[in-house]
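Chain naming follows the written order as A, B and C, and within any one chain the residues start at number 1.
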């Protein structure tokens, strides 16, 4: 069959397909561009950077910038590279993720299987907590940390991330446990199991998917955080994002763009790796957060 | 033959004990810490912060009531208005472009494309990065002299110039570019999930009615995406109002304070300029902006539920 | 063998301002099979949960045997429950599912294994012991759920619509198995269902519930033959009892009810119930006749005083296999009759139907109560 312009339906469909793929590939290159540029730039020497442009491949691949970024780049006063800050982020993220996930799991369990008067209202309050801009708690929290003697320390940052992560983890677990049949808990009660045994033997074993979602989400949020990091830490206690920002913005001497890029990739690697390996859980976390209450 | 076990259980064999009382209160005990935390660290702090915004605090917080003096200073402050205007420009463009781009890509991806999984992964990975990393990368890409400008010139367009990053008028638009790059993939994922949730039989009915594909999309599918649209809108607005990391990394609020936003304004005044009261006032304004969006949305959601 | 009685004494349940159960009194002896039956929302599941201790009692008391269990936790009531969705622990094997309760009670390993083996033998699920619930069919899961309950050797078995999720054929099989199990074990059972066939076939005593109240409590026969109101009469029995609004008349000194049909009008004599209807002459009542009480004319029985033959116009014919259902219209109402397949006329034709009034029941049209 042909239409008015003499094109067959097949041709029109094919042109349509080409347009679709073309646009998608164009978009893909837009998203890949920065990553490509970062990698390529980090492997060039400063001379090559000046001579070439963003997309030109290095004639001589060199990992020098990476070494500097890791261990000798200057981040303000000290010049020890990012490795100290990397460790700090690990020390902050691991406990904070673990604690906020555990608390979120218990909260979700109670809210769905041991409902009491006001538990829905409580959930609503928590939910609103996820929506506030953190700027409104920065100052009072700074004061509290000062009083507790935790300002500028890693435990202080762990506390902050746990406190403001609980709302999200509770949301995840609550939405997940809602679909675990209540009759399972009732059968276990008749069998004689109590609060903790039911959680440990019945609920927890079926929670693996949501634990993964919660851990990945929390890890990404905490690792990538900058606001709390820059306000509540100082000197060599700072997390990686703050270290990176300092590194890129120190104005001593010549700007070493290759080092900047290497540093950015170092900072991005952990969450990027998590995303590549467990991407679908990450997406589940994102879309679960979007389906509020 | 198996022996029949003598079952010694009878109803009410056990006495009620203090342990039973603890057992019954366990659920409430377990959520109590979270309840206390929420009360103090969210609502308590908001109240405290609000209080601070009505004091004369400078370097250190003072709790003596001083009326609306900080708000007057805020509204008198040129830099604040620059920040507010920038938020409107950035927020508006960021939201609109993300929604449009996200919807477009979602519709295209919905066309049973080969390697859909791989393409989706590529679109979404920016969301896994810190805004600092994004800002750093784009700061290099848009570097006047060595970045985009040089690239395009090398491709033959000798007179191309791109120095938005250091142009006070255009700096805020670079934040739009980087922000869209980071968040549009997420919007795409939301819309794609929404598209996938559309009932197949409705589309088939439309095809039997003779509707063409674009018309089906325009008249049936897109209108059914309203809830997703609103979810995305809320989240994007939220991201826009909170934007701090991205601005710091990309422009530092500069040149000067040409690309300041309320979040960077607050940080600068509260923590580097010893103007705690003013900082608190600016953060309360940010809260008000978020509330202005969330409250109507929540209200319409709750009302919708009551109507069901 | 434990045979504990169950007494539910004036039990009320409210959620805030809503009264879900409005004073329930039920008494059964040890070893009996009690059915709680009624439409959705009548409160039967709530009552079962209260017997189990999974819901609190707002007022009233519940006794199992001589023990007042009203305020005891489920695990202290010595009960076992089988749920509609089976509620098998998904991460445990069948054997672990069955022994979980014993594990908590710290029963010796050897005894646990012996019980599991015994129960598995009883229900023929030995080959399934090492499988997980997700690997079982619906019927198998049902058996495992029952096995878990049996392993507890309780004073009271509770069943919450256990067969609702099974297909029709399996349902009939499992129904018989449950009945056999009861005969063998002799334990007291409380069984909730919305299916009145299950109620009739399984129960020793049936409590028909509606809107939080017990409408009638008695044996299946009593409930079927002697319903106390229209709701119970219409709920039990399939196809439902026919309700024909009609006028009570006196003809030649005999009491009867006026029937108007497409093929002619007649008066059905009510002899036996004449005494109750004396005061209702010339007023409207509702006549209740079950489909099996309206059959084809049977030679030799038509002279029986309780039977009356009259021609009626057949509207719809539904052959079901063992009998054929004939739909006629009497007094403006659709009436179902059960006739033998060979005797059935075709739709649109007149047919002589024999009305057996020995079991007819009469109701007050407004209140629905039995006259």
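In this section, a residue touches a chain if its C-beta (ideal position, glycine included) is under 8 Å from a C-beta of that chain, and two chains touch if they have at least 3 such contacts.
All values derive from a computational prediction rather than experimental measurement.
*Asks:* So which chain is the furthest away from chain A, centre to centre on CA atoms?
*Replies:* C
*Asks:* Which chain pair shows the largest tally of C-beta contacts?
*Replies:* Among the chain pairs, A-B has the highest number of C-beta contacts.
*Asks:* Counting in whole Å, what is the centre-to-centre distance of chain A and chain C, each centre being its mean C-alpha position?
*Replies:* 58
*Asks:* Taking the mean of the C-alpha atoms as each chain's centre, how many Å separate chain A from chain B?
*Replies:* Roughly 13 Å separates the two chain centres.
*Asks:* What residues in chain C touch two or more of the other chains?
*Replies:* 73, 79, 105, 152
*Asks:* Touching chain B in the complex: which residues of chain C?
*Replies:* Residues in contact with chain B: 2, 4, 64-65, 67-69, 71-73, 76-79, 105, 111, 114-115, 117-118, 152-156.
*Asks:* In the complex of these two chains, what residues of chain B are touching chain C?
*Replies:* 2-3, 5, 7, 9-14, 16, 20
*Asks:* What residues of chain C sit close enough to touch chain A in their complex?
*Replies:* 49, 52, 54, 73-75, 79-81, 83-85, 87-91, 100-101, 104-105, 148, 152
*Asks:* Tell me, which parts of chain A touch chain C in their complex?
*Replies:* Residues 181, 183-184, 186-193, 197, 201-202, 205-206.
*Asks:* Within their complex, state which residues of chain B touch chain A.
*Replies:* 23, 26-28, 30-31, 33-35, 37-38, 41-46, 48-49, 52, 61, 101, 104-105, 108-109, 111, 113, 119, 121-134, 136-141, 143, 146-148, 150-151, 154, 181, 185-186, 189-190, 193, 231-232, 235, 238, 241-242, 244-245, 248-249, 252, 262-263, 266-267, 270-271, 276, 279-280, 282-284, 286-287, 290, 294
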